[in-house]
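In what comes next, subunit A is part of two complexes: it sits with subunit B in the first one and with subunit C in the second one.
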Partner chain A sequence: MNPDFTKSMIWLHTHSGLVLGWLLFVIFFTGSLSYFNPEISQWMKPELVNVTSTENVINHSLKKLHQVTVNSDMWRINLPNERTQHWSLQWRNGSERHVLSLGANFDQVIKPRDTYGGNFFRKFHYSLQLRDYGGRYIVGFSAMFMLVAVFSGIFTHRRLFSNFFTLRLGKLLTTLTDFHALAGLITIPYIIMVCSSGIMIYAIMYLPFSADHFAGGQRNLSRALSPGLEVIDKNAPSQLPLSDFTVVQNKIEQHWQGQNQIRRITFEQPFSREGRIIVDRVKNLTLSKQSERLVFSSNDGKPLQGYAQASNAAQVRRIFFGLHEAQFADIGLRWLLFLLGLLTSALIASGLIIWLNKRLLRVKQPQLGHFVVERLNIAVIGGLPLATVAFFLSNRLLPQLLEGRAIMEVQVFFLTWMVCVLVSLFRPAKKAWVDLLLASAFGCYLLPIIDLYQDSQRMKDAILEVNLVYLTFALFILLMGFVFMKLACWLRAKDAA
Partner chain B sequence: MIISISLQIFGLLCLSLAMEKHFKATFARPLTQQLKLSVKVLGFFATGLSVFFLLLLAHPIPISIVKWMGFLSVHILLISLIHSRIALKAKR
Partner chain C sequence: MTRKAEVFFRSVAAIVGGYSIAAVFSLAFVPVLVWLQWCNQNEAVMIATMLSYIIYFSVIIISFSRESTLLLWRDIALTLCLGCAMYLAMGSL
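On to the complex of A and B.
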């Protein structure tokens, strides 16, 4: 191989990884948590109760909507499933939107605590809380650089192919280098999938001039690629929507075999004679973001003409979108993807630590650049897990009826992270690592204890109802606490030696 | 899916043992040329069979392929960890 080419690849790998490494770590870490977005949301809203989706649930939803709404433009019934356990009704009058959460007892209205739940991590990983300030462009740019770092990494760590399945345990730097190369190699398919699909989701936004040229704007292009249904005439004569869903349910069963195939039911202009019902199927049968949909009349339940087939480009984009979000994944596959996400975060973290340690071995006196990288490593790699634990703790500790509670949880996340930055700046590096890891471990152990102390019935119910979401969350947090503790003890022992 | 995944890890294990240093660390004897070829062929055959069973039995296929790829990464990591533990023990 041309030595100049190899050198260029090493340079590219080092610098693309170094410049955007911390940002990529944050994106991958929070993105991995997003695989469990509904589960995290369920844990963060313990007021939700176990509701099984049945035909009865739909008819009770319709009864409730008939009771509480007059002349709405839209009704929506979100059916509960194991992941969300959230049965909610939505309706809209013009720009006025309403949401109602229901419990197992059909007349019971539930008011879950105000929280962004797992959605905070999902939104943060693609917009960095900078949605109106170019956050999505920054993340897209980072995803492109991640692909560059992966491909240049293949040439940088080319010796790995002859040392495949090798991870030399012993010296920290050797182990880290082997781990970095191995993790890089085995996560190549995952990284390519997740980065390219992430770019594809906002492809229209990243190529605005093409959208302007071909369709006169981004929105028009989206509409042209995936045509929607005809607009309903708002002046059409009024008619009450059906109150018994059985007639529609029977027709649905002819198309979709199996139990609990409905995910969501939307009534568009329910009080109009031209009103319609759109039924969305569950997503676990297709890679595509868009599951199958059936359309019926909202007055008599007669089948109507459905959606026109989307263009090939739109279908490809939907599959990439679906692959990125992995809504199709069962619990096993979701854990697998979550682990691959964490492995990618560890890959990035190990790359940043290797860069620093290799250079510190070569110089007698560390320079400003080394100081900056060292402190950023501590603040980001050590600080982000602590901020995440603090976010979960705030969910349990902030008063339930506090005004602006959801925003305060996010503020706790960022304030904790800010404290981590200060710790990394003012404490000696090794002590700062140990402090942050110990604090994360302490937070992880504290979380289930607080949960039990606040309401021990929650845990009892979870055990009796075999609520795996709730129980797994508690177990995983305890496991993470153990991992943080072990790491901190190992670092402290190494420092003392 | 279980058959496919089991064949996959068996195939990867064989392929890893077809490498001289891993074989030597595991069995404390050198790898002969004939054995190397046999283990390699067995490894590729098992992996190929794993793909065959995936396409034959798993449903829906696109989702199963994603699963297969995910398990591939995790299995390589697992086998690497096993070999590294064996090598560390042999060293001590």
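On to the complex of A and C.
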């Protein structure tokens, strides 16, 4: 519609950003939190104790499983690591599932509070709590939008070099515009990586035609590309599974060098002669979503035929998946990705606010569209951090033995968000911004205080055991409180223009 | 054409047209890959589907940068026909 390519890209940037900007903000914000999924879960279950140093964890687990289960169809041992601190056993009899969390001593069974933990953010990130209503399609569509917005953004803010060195702090609008260009420049590679890998996770689901036509459906295709193990004969004679893992352990050490290489051990049909053990390696050694696996017999620990090599195409997809989830990243890289994710959220937020403020300057009488954009900006950008803080607060404040506790935490999250919508509707714009930011700051400050007040032993233990996860969470939440407070004060002192 | 109508038709071209072209490509490129003996059919399905997202992205950008909306739609229609023809021709090989 414009003769000039650059001009049409500017138009595209302005409008594509606006249409799904709020959704993208939510997706990027919760996605960034998901990088620390196990850490957040650990913080939200303070009943967990440090078990990483326990000797002979696997044999203890087997002993316990032998004690408490009869004729199970599946056993699983989730080994603790620094990130989760969670040692748990799972077993399944038919469709009945059981979970047991273990403490530092063999006989100590712990009952962590009922919560979704960091997994709430992960689920919300890719399905928007609408998994059965096409949530994943909406997220994929937004990822495509984001790619378009970034591509056209390169042409919109094309003075790359000067953008990188400019941040004028005078007027609100110029500050935001400079920040937007600067943040965009820094996050371009990250956004392209994260959006394209995100789309690739569900590549076949979004465009199923080829798979349906040539391979007879998505499941058949994935089965053909990455074959699983043979189905175990259910009528095979029964036999007790091994109770000393040392045999298997020695064989594993020949394949996988180094300490603590096992992430998870699964027994399939442990009480059958055909039963087998699948050992999953830790995930931080490979870019791929699927870490290495070894298969042994569950009776005598003899190595069995392992998984067939997945085809190249399937491996490429797994690497995209792995890149997106970043399980490979060590702590430094994880923080970098997390901060880039937050910066992208800030980039989207600043873009939305710029769109509005530029138009408000131009028109004398704000129209309905401007009103809607303004309210949505406040409710979504100001409301989501507050809802997140409320989610954390509810984790500490709701009684531990409450029925349906996990769901209630989620309800608190959404109720707080609803309140933010109301605040945005009934308060003048600037006051609403300041209110929400100050409320978030207050919540952030309150969180460690409540934690300390409820049980100061937690903090003492964390310091004594140098539990960095726990300490960093507390410090980071205080820092965020400070940032929100500063932002609120800065905004209050600023002219709207 | 009014500006609003133009934006509408271009958006439809980008979202629906782009998706259709990507879908047709993901179907039509599979026999090509198999014919060239680069990989087996299942792998070709995966590769063609993954590549089709690049096509989708390009169509979106072209939809908003092409000067004439009419020519844009003509090209989308032609590309769709070409894809179908390719699929039929390769399928009969």
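The criterion applied here is as follows: the second predicted complex is superposed on the first by the 484 of 497 C-alpha atoms of A that agree within 3 Å, B and C clash if a C-alpha of one lies under 4 Å from a C-alpha of the other, contacts with A are read in each partner's own complex, and residues count from 1 in each chain.
Here is the rule we use: a contact is a pair of C-beta atoms (placed from the backbone, for glycine too) under 8 Å apart; a residue touches a chain by one contact, two chains touch by 3 or more.
Just so we're clear, the structure is a prediction, and the values are computed from it rather than from any experiment.
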item: Which of subunit B and subunit C A:200 touches, first, second, both or neither; value: second
item: Which superposed partner A:187 touches (first subunit B, second subunit C, both, neither); value: first
item: Touched partner set for A:311, first subunit B, second subunit C, both or neither; value: second
item: First (subunit B), second (subunit C), both or neither touched by A:5; value: second
item: Partner chain(s) touched by A:339 [first = subunit B, second = subunit C, both, neither]; value: first
item: Contacts of A:215 with subunit B and subunit C, given as first, second, both or neither; value: second
item: Partner chain in contact with A:167 - subunit B first, subunit C second, else both or neither; value: first
item: Contact footprint of subunit A on subunit C as seen in their complex; value: 3, 6-7, 10, 19, 22-23, 26-27, 30, 39-50, 52-53, 56-57, 60-61, 64-65, 67, 69
item: Of all residues in subunit A, those that touch subunit B in their complex; value: 164-170, 182-183, 185-187, 189-190, 285-287, 323, 326, 328-329, 332-333, 336-337, 339-340, 343
item: Residues of subunit B touching subunit A in the complex; value: 16, 19, 21-22, 60, 62-63, 66-67, 69-74, 76-77, 79-81, 83-85, 87-88
item: Of all residues in subunit A, those that touch subunit C in their complex; value: 1, 3, 5, 8-9, 11-12, 144, 147-148, 151-152, 196, 199-200, 203-204, 207, 209-211, 213-215, 221, 224-225, 311-314, 316-317
